[in-house]
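Just so it is clear, A, B, C, D, E and F label the chains in written order, and each chain counts residues from 1 on its own.
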Amino acid sequence: MSQRPVVLVVNCNTNRVMTEQIVAIAESASNQTTKIVGVTPAWGPSSAEGYAESYVTAVATMDAVLSHREHFDAVVMAGYGEHGREGMRQALRQPVVDITEASAYFACLLGRRFGVVTTVPAAVAGIEDSLAVAGVLARCAGVAASKVSVSHIADDQARTFAALETAGRELLLRGADVIVLGCAGFAGLDKALESSLGVPVLDSVACAVQMAHSLVCLDKRTSKVGAFTPMDEAKPWTGRKLGEMPPTP
Amino acid sequence: MSQRPVVLVVNCNTNRVMTEQIVAIAESASNQTTKIVGVTPAWGPSSAEGYAESYVTAVATMDAVLSHREHFDAVVMAGYGEHGREGMRQALRQPVVDITEASAYFACLLGRRFGVVTTVPAAVAGIEDSLAVAGVLARCAGVAASKVSVSHIADDQARTFAALETAGRELLLRGADVIVLGCAGFAGLDKALESSLGVPVLDSVACAVQMAHSLVCLDKRTSKVGAFTPMDEAKPWTGRKLGEMPPTP
Amino acid sequence: MSQRPVVLVVNCNTNRVMTEQIVAIAESASNQTTKIVGVTPAWGPSSAEGYAESYVTAVATMDAVLSHREHFDAVVMAGYGEHGREGMRQALRQPVVDITEASAYFACLLGRRFGVVTTVPAAVAGIEDSLAVAGVLARCAGVAASKVSVSHIADDQARTFAALETAGRELLLRGADVIVLGCAGFAGLDKALESSLGVPVLDSVACAVQMAHSLVCLDKRTSKVGAFTPMDEAKPWTGRKLGEMPPTP
Amino acid sequence: MSQRPVVLVVNCNTNRVMTEQIVAIAESASNQTTKIVGVTPAWGPSSAEGYAESYVTAVATMDAVLSHREHFDAVVMAGYGEHGREGMRQALRQPVVDITEASAYFACLLGRRFGVVTTVPAAVAGIEDSLAVAGVLARCAGVAASKVSVSHIADDQARTFAALETAGRELLLRGADVIVLGCAGFAGLDKALESSLGVPVLDSVACAVQMAHSLVCLDKRTSKVGAFTPMDEAKPWTGRKLGEMPPTP
Amino acid sequence: MSQRPVVLVVNCNTNRVMTEQIVAIAESASNQTTKIVGVTPAWGPSSAEGYAESYVTAVATMDAVLSHREHFDAVVMAGYGEHGREGMRQALRQPVVDITEASAYFACLLGRRFGVVTTVPAAVAGIEDSLAVAGVLARCAGVAASKVSVSHIADDQARTFAALETAGRELLLRGADVIVLGCAGFAGLDKALESSLGVPVLDSVACAVQMAHSLVCLDKRTSKVGAFTPMDEAKPWTGRKLGEMPPTP
Amino acid sequence: MSQRPVVLVVNCNTNRVMTEQIVAIAESASNQTTKIVGVTPAWGPSSAEGYAESYVTAVATMDAVLSHREHFDAVVMAGYGEHGREGMRQALRQPVVDITEASAYFACLLGRRFGVVTTVPAAVAGIEDSLAVAGVLARCAGVAASKVSVSHIADDQARTFAALETAGRELLLRGADVIVLGCAGFAGLDKALESSLGVPVLDSVACAVQMAHSLVCLDKRTSKVGAFTPMDEAKPWTGRKLGEMPPTP
């Protein structure tokens, strides 16, 4: 590989400021070894919290990636606990890394039970489902809501940090020895929280960028046998392209 | 309730002929006690088989139901193994019945292990995930693909039936004592397959219509505590309406 | 079906007043679509709470149903958490609906985790076992004892209701978003508890009558392959009839 | 303890010849350290195979033990895979050892996965349920039916042995490295099967007698807190005695 | 068997005083039916608490047993929650009983959920892993640390006992109805704790000696098919003997 | 970090040729971004296959790493399916990556169910245990033995490759869509097997080196709360150093 691998980092919502923050974290984590390209869905929720919006992000991010016309080597799905990774895997041959999975896997290497600090209570159930389908829920000591919604994270940094600390301490009491930041919007708070709680705290975007880069280095791609068989082989296809999916009147 | 309850039966694809078939099954199952209203998504796949299309159906059906302007008392989601039921539940106060769940529950009353006969191999994984999240995968002896894709079910009834028989017999060998028809398009084949296999065979749409009708009779609605907290309570809302989601340029 | 289906609703104990209450709930739930026939065991405990009595009810109810000489289309077993459903299914060809299962299944359609409010602490373990064998324990947030024994439910309605409220609130804290009334004797308290707790509260007898009626409408019967193979096929039979089981000296 | 402990070994059926065989095995296993007292239920099936009869044996054996007027120190329930152990534990203070559990526990000490050879296919499901509730199903590689019914075991010893060999070999292929004889009627066949299969083969009655004797030596009794709270403490009692349960007209 | 069976009871640490205590408990439990031979590893930790030391004990005890030149009929591994039982089983043909397993199995016969009282918090995780691999974690209500380290158990008997009481009561609140003493060093405290807590309390060494004696009486040995295939059959061997493993310079 | 991170790659056996092969794979995978230092245990098995040797490798590798006097930033444990990772984590502050875990996690990103191709049948059980404790066994479709022992891998490359192909195809039939090479000695065979089987094939050492490098880049260390509390904090320490563990006479 003479050039740096290109990793698409897809925000799950339409907030371009958040995309920029995520890209900054990803670039910092990749340490110049990877070219990070931020992708913002053209439609969908401005922030996603709960099942209904989660399904919308699944399609909006798939639409955004399939509409991307430049070359890329891997995709990072930067919506913590959001649906859609299996669909993206069926639609692509490049490796697809969900930040929910990647951070759980690194957490499993550093401790015995990890805890997830997330935003609002309505987001907890979907995160649990995502970890269960990934097969690592047994390693999770709990998912705790900080009660700071995505759109209010930046309002008052001190209050946000205090809320994360409280949720983190609750998880330590429930047996967690590693903490995962369960929202891409919490970017940049891991170091301070690590100092405060005395356990490793993982930024999920940074974890995913690392695994995406690794998969490109290892020259591995998504399996196209079984569950992720390409759609045009799975059945007679009808000319529709997913990238043109939202109908124009 | 002076009038018959109104149950929306939502097809997961854009094929109106299939919606009509589903409505016919639903009306037959409800035996005039329920008013069945068929809903066809305005966009999305013409047939859904596999993860990528499944996520699209989750949003397209939610969009269709939220755009429905008439009164209704319950929703039946008629895409077997498709994603989206949790999103629909968060978005609505009426009860929401997924045909995957409803047929599994009736199967659990009639036998000890049920088997699911579905369409293409790429659909198997999503069905297993759906049963796992529903909590009843332990009661499932297996999901077997008939290798008849949705769009070819009607091509040759005898061939389709033979393929279901073969898949059904395989499931009996794997320990199933009840069979569920794992595609709304298999409607009307249950009785003949029951005779052939010698075990109960369940039509999933018929099962779901029964449970939807029951929930209306029992005057029960979706819980609005916890996972299905309405979106406008879950976070500060932004004026976007899910029913207007696909953006017009 | 020119006539209303006949559903036997079998009380698990010998208390005829409780049978009448259960029949009243069942008739109310069935809304005249079903003919409800109450059955009271001829012997066994006057109320069943705990493992030893639970096994007795399993046999006494099977004996009562097999001794029933009139036509019936389905059976509802109205002892919450009691043993015996698999034996009844082996002994009969009609569908058999246990109120423990039926209420769990409806609860799974309305929320993500259900809680069960029951009578005495000694009843909790058997309920957990029953839900585990049914395969839905993973969807159960907990079983909480109200500490009101079956024979004291009617002593003081206000005290009984207050005890249910307390147990229900504990279950909400443990993550339940739907409550199931885990004793047929709690009949009639669901609506008030629903108002008090703000989540759906299910009467298990009403749920089971609905599913029994549905199975008759769908013309489905218990599988006779595998676990529920009729006894006379399972082995050389010895002339004994279960309906004549309690020996007369 | 100046005298040998007395262990009641309760046959699950009314066949006194089988009780004698079971007692012979138990005496041989206990090697004169224990006084074995055989108990035969006064009523119930002459052989038990399948759910319906299993529940009858649960009550008939409990009735037989509670009617036993002599002193005893422990109970062995000698019906493999039959229901009732939890009821017996609630009803007694002495330790209660089910042959299904005891043989599974010894098997877990000798290998990594055990297989169970049983009688008819209809008995398999109940055995699986029993192991699941005991919490050791994960250690079981499978339950295989020899298709020899209880009442035909003695018809042709060579045919019975050949059927056990065939079922045993199937289980080795499924990963078993220890075999449990899953019927008290298979008594005496363990040594020859061990030679034939090349893996340890356990007689479940012998295993249970050993554990019952050990519990008496260790001076341990059934816990009376929680699930096995005595009935007269669990609720106001009604004068009925379980030992007088089958009503006389 | 004309002579008493010989059971090696292997301490997991190098503390000979503790070996003597364990032997005393074992002799008391075996009641003269067994000849108990204490074995102390020649190297390894003086007390084992936590994963690193646990792996050392696995090898040091295997080394000690394989270096034992006298005849023996069975091995009891007397390190509660320590690693190594599967290695010992592969290395030997005699039965091998881990005190962690044996005490769990007896506990499962006496109650529905057992609790384990252990020493320091760092020991809890390894105990949970051991019970999980044994397949009985589902029957365990919890493992609670008394915060008394192995080397301080004897410092102040009253303080040790009070700490066990506190941990035991916490486990009763978490649903345990039987308590297991999760350290061989707690020997002799079971009776007093039983009186204090009102539930059966099991000494794990006593339980294991009973099961080892039973396996010898039943003439059963470790399976040599599958996971415990002897090493010289598993692969071409290299002349090294495990009993000479620690290299001398 | 001005210098390349140093990753210790610890062979599990004493075969220095194999250590060199592993280092070569590791260097190739790390692509000059990491300094790889091979470590060979000073004692223990020349190849490890089965439980007994696995426990020896756990201690021998811990001994080798704790005796290493140069600076290092992370450890890769290069024995597939071998015990010891939790001990190494308790003993160190640097991150510790087991090749069993790392390859499973990358496999989970590329497919839905992975299969493991290993050496001899006796190694299968330990691998299953390792994946179970790691919490990802549910994502594993099976572990298949190629029947090529570690010491014979290099004897005949064509025969070894053919054996891997056969085992791999068996796993695809059991539902695997990704294959993991379950022995460090299979290094270099992944690309050809990938071509032959048509699914991603992962080299476990390469995967682990990637994750170790990532953890160093992310500046994360092993949690020192809970299960991996350092030994000197876990209890009063006795002057013994693990690096001096094998006693010299």
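FYI, contacts are C-beta pairs under 8 Å (C-beta built on N, C-alpha and C of every residue); 3 or more make two chains touch, one makes a residue touch a chain.
Chain-to-protein mapping (UniProt): A, B, C, D, E, F = Aspartate/glutamate racemase family protein.
Please read these numbers as outputs of a predicted model, since none were measured by experiment.
Note on connectivity: the fewest steps through touching chains from chain C to chain E is 2.
The chains that touch both chain B and chain C are none; no such chain exists.
Here the CA centre of chain A is 52 Å from the CA centre of chain D.
Chain B and chain F, compared by their mean Cα positions, are separated by 44 Å. The distance from the centre of chain A to the centre of chain F, with each centre set as the mean of the Cα atoms, comes to 27 Å. Shown for chain B are the residues that touch two or more other chains, namely 86, 112, 125, 226-228.
In terms of inter-chain touching, the protein chains here make up one closed cycle, each touching precisely two others. The ring sequence of chains is given as A, F, E, D, C, B, with chain A as the starting point and chain F next. Chain B makes touch with chain A in their complex at residues 42-47, 49-56, 58-59, 62, 83-84, 86-91, 120-122, 124-126, 129, 132-133, 149-152, 226-229, 231, 234-236, 238, 240, 242, 245-249. Of all the residues in chain D, the ones that touch chain E in their complex are 29, 31, 33, 86, 95-97, 101-102, 105-106, 108-113, 134-136, 138-139, 172, 175, 177-178, 198-200, 202-203, 206-207, 210-211, 213-215, 217-218, 220-228.
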